[in-house]
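Scrolling down, you'll hit the structures one after another.
Paired with chain B in one complex and with chain C in the other, chain A is shared by the two complexes that follow.
Moving on to the complex of A and B:
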């Protein structure tokens, strides 16, 4: 467990710390820029030289969640005073709020499709991995290779056949269609990762449960699953990240009902000029779920990544 | 508690047969040893009895009921695994009561059973600890506790002392045996250590390459080995084997061995050909050069109260166990005499012991 080489010296530690912090800064600066751009006004967001200090505004977020129409000064005069901060911000630009934008809906689609496909991948993947790990499945090695082979080309290479199939099957632009598609892509990763984790769990634990009077399924559920929690959590994060970020299929297969956030956010650019704060606000909100999910599971994730490297 | 009968039990993994048609009987309340070298099929046999492995063919009766196709959860048997296999995500207490929860036992009864087991094993102080940090001995106790808490029909133990330190092993062996005597539970115990088997077992079955070589009490197996393998595997140093060509007729109590007449237990079979005379080191005596088998002392090994003297003879080396006080000088010419009543003659080709007055009661069973 602790195969200590030598304790690193103070100097080595400070160099390592410096490198890690530098790397973190480099990767975090763009994210930080997106984050602050979301709180700028449109003129501030495109000002040159770029503004690091500015007076924050919620205009980006208001624009993200609303559709607006321009009104003439006479019409504006005729309106009752604005209700709420959003209306006030919009009127400053000689516009009124016409209704909500599609962002909320698209965001929900992302949540449903991302988490739905992650759940399905993990559910099916865990059962399949357990089967492959514990039972004498005929042609086991060939099947495992076949499952892996679905990953040997970029998924988008089969975009056209899938597009045609989905149209025939009526799955285009449906939640079910997108969940199935992302599950199909993720499941090979899930089966392989999870099989590795389950292989590491000694069979004796389940056998002890069988002896203690539990059924095979109870043994799986009560003894194997808690042991595999680490593996399941880290696999779930990988699956969610893929499904959440996927862009190409989403553009190709969804346009309305089931459109996810990634293809939607760029369309904001086209609405009423280059509205960078709204885009940045959308991007910021889009980052949140994966960030929260990862933070919640981060203990497992870390252990998951080093799993197998550290043996008892 | 129950009697276990194994009939023609066989297990193949693909083309490989791990257990060939084994038969033996474990009486109610017996401490029964499955003994054999590593890879001989002991664990596989034990797992078939427990229901963790389905036999290819054959029958298993537990308490009179044929169970060979029943799942483990329906056999009411406890199993102590080689590495204990305590549930790692539960503390000691949860581990102990887990088998009771599966039966849907009432809270009050669970408490009572738990208290009973804790008392028997003396593990009150570790009850709320996670199993991860326990010492080997405590893990062993918890594993035993999980086995006994349910009052199963029988216990299976797969080399339960194998994971312990040498010094602790002896202590735990005593504890185990004492526990067995107290509960009188039918126990099947797997080991590759012949000393452990001889010390702890009421009965032993000796296995080799998936076959049952012999089945009997430790005394029977030691004094009346049924095969060359058993004679060689049991005892340290093991039995001396002296090869000779000869002919034996039913009723003989003297045989021609190396040019002299040798007294043996009265023989019950007739054979001719390559034979092996088997004699335990403690049944050989050193005399002067003109008596018995002649040889020269090659080595002596002092063991405290006894010593092992190795004598080189024309038919091979013979180890003699004798009192440490008897002088034995290297290179001395000596004669060897055998205690006639204890000798066993083996057929070299088949490896089987020839039936004689000595072993007839034992060989019938094999």
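Moving on to the complex of A and C:
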């Protein structure tokens, strides 16, 4: 049997485990609450004491995706029987479905802008990272620091001139404008992370390829890119999560066509401020992809979280 | 038959374009790689910054683009630095920074230390603890306002369950004393995992043999903790504080969602104040000057801090 002085004792381990698990469970409570509130009816969601057990309903989700109008009992009598479960739920509240809500569109905007800016950040970021890693770029350290320092600006400070600039260029409230903006914000993280990954690929690989007659570009995409694939993938996840979660620019620079979900979800609450299940339903749908990504890709995320400061 | 290198070069190189590129010097290729990124940053970060500096000397108002713009010199800066609202917002920011950093460092380090006891399943629980920081602060912050509702909110219910205080007797978001804490709690909930992860990386970077040597020298566990663990994790911890400090100085989304700067202006932190000036009162010139002051403050504090960090690393 091996014995190590650095291995904690059994008792220490179980106390540590107990404390960490307690913290983790407390941390999960708000998220669990978002999830179950999405399946409550509005009266259940605001009952006192807060209900953990309730009969689940899809009313929150129906309200999230539709707009509804109130009808009088006489009008209701005149209507044909409800088609589908959604209509039935809405009729219970003396209302009829008037049309789809904007949630679908806003969600699509988040997807378009998120993936668009991630693609662009990774494309430009990989090129720049390779350049910084392999060539003697003049003022390399200054440029790298300059790239990092762009992260220190409060978003509102940049938002003022961007707002004016976009108004001039006709980019306000457009997908292209938001994609460019998020790319500019993300690229500092992308370059720093990717440079770290590319630095770790031995130069000899490319030198061999160059001797074999590859051009610089061929060596880059046939030798370096496949080697850096994992690094690129985990950087991409980070850019995507940032663009997905971003709020300050979205709320200041978009209002309609290009508005993403984060500024939209809080506005669902609408008239009377009682429709928490719909808000919770929207939040659940919006947060779920990130939760899944985080759990599936946990091993690759650490470096991105710590801005590449911590290796491995 | 073995191909001569020169033939392979000829085969591997597509004609036209490639030959042109091959003619480029390494320096030119380097700029092709780095150039687009630098260009984008110049266009969307540096150009706006210069524009902001320029605007900060004017009385420009973005909601009246046709009005004649006057240069007012340093008047905007003078007004900001003598305005008591500015100092109140700086105070609110400082209060928020101090408590969030303190709580996150203490809890984050403690958690990392516990996780590093390597109990079974520690990686699964680490992932679960990390979840809040991956989520959208605006969406989550918005939902916290529901948890903080005085009568029906889960937070108030839990507090009253453990302390016996009437859940409708206190309003986390609406009372002057509690509102700053409502934001500190959510921020700590979201970002403690970040500090924890960096500390964990620090703890894992300490080689076992140092502890083994200390054990042979009969140093007590307590002494080992203070003379080995803490000094070796300190650079990592300071890095975590730097990142959190910069982020929290800019704090915007959580505050907007939770309190919107209220009640009154108790939680009106610097960037909320800036947003009011820029996008509600439309005093663009004034707000630009304020933005520059904030940027210089963050940049200055961060540079001083990085110097201190490097000193700690050298030790």
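In the analysis below, the second predicted complex is superposed on the first by the 265 of 312 C-alpha atoms of A that agree within 3 Å, B and C clash if a C-alpha of one lies under 4 Å from a C-alpha of the other, contacts with A are read in each partner's own complex, and residues count from 1 in each chain.
Basically, contacts are C-beta pairs under 8 Å (C-beta built on N, C-alpha and C of every residue); 3 or more make two chains touch, one makes a residue touch a chain.
A quick note: this is a predicted structure, and the numbers were derived from the prediction, not measured.
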{"item": "A:112 touches, of chain B and chain C: first, second, both or neither?", "value": "neither"}
{"item": "Partner chain(s) touched by A:58 [first = chain B, second = chain C, both, neither]", "value": "neither"}
{"item": "A:205 touches, of chain B and chain C: first, second, both or neither?", "value": "first"}
{"item": "Comparison of chain B and chain C by chain A residues contacted", "value": "C"}
{"item": "Touched partner set for A:213, first chain B, second chain C, both or neither", "value": "both"}
{"item": "Contacts of A:291 with chain B and chain C, given as first, second, both or neither", "value": "second"}
{"item": "Partner chain in contact with A:50 - chain B first, chain C second, else both or neither", "value": "second"}
{"item": "Contacts of A:164 with chain B and chain C, given as first, second, both or neither", "value": "second"}
{"item": "On chain A, positions contacted by chain B and by chain C", "value": "211-216, 218"}
{"item": "Chain A residues touching chain C - in the complex, by the definition given at the top", "value": "4-8, 12-14, 16-17, 19-21, 23-24, 27-31, 33-34, 37, 46-50, 124-125, 127-128, 130-132, 134-137, 143, 146-147, 149-165, 180-181, 183-184, 187-188, 191, 211-218, 241, 244-245, 247-248, 251-252, 261-263, 265-266, 276, 279-280, 282-283, 286-287, 290-291, 293-295, 298, 301-302, 305-307, 309-310, 312"}
{"item": "Chain C - residues contacting chain A, complex", "value": "5-6, 8-13, 18, 21-22, 26-27, 29-34, 36-38, 40-41, 43-49, 51-52, 55, 62, 107, 111, 114-115, 117-123, 125, 127-140, 142-144, 146-147, 149, 151-154, 157, 167, 189, 194, 197-198, 201-202, 208, 211-212, 215, 236, 239, 243, 246, 249-250, 252-253, 256-257, 270-271, 274-275, 278-279, 284, 287-288, 291-292, 294-295, 298-299, 302"}
{"item": "Complex contacts: residues of chain B adjacent to chain A", "value": "50-52, 71-73, 76-79, 81-83, 85-89, 98-99, 102-103, 146, 150"}
{"item": "Chain A - residues contacting chain B, complex", "value": "202, 204-205, 207-216, 218, 223, 226-227"}
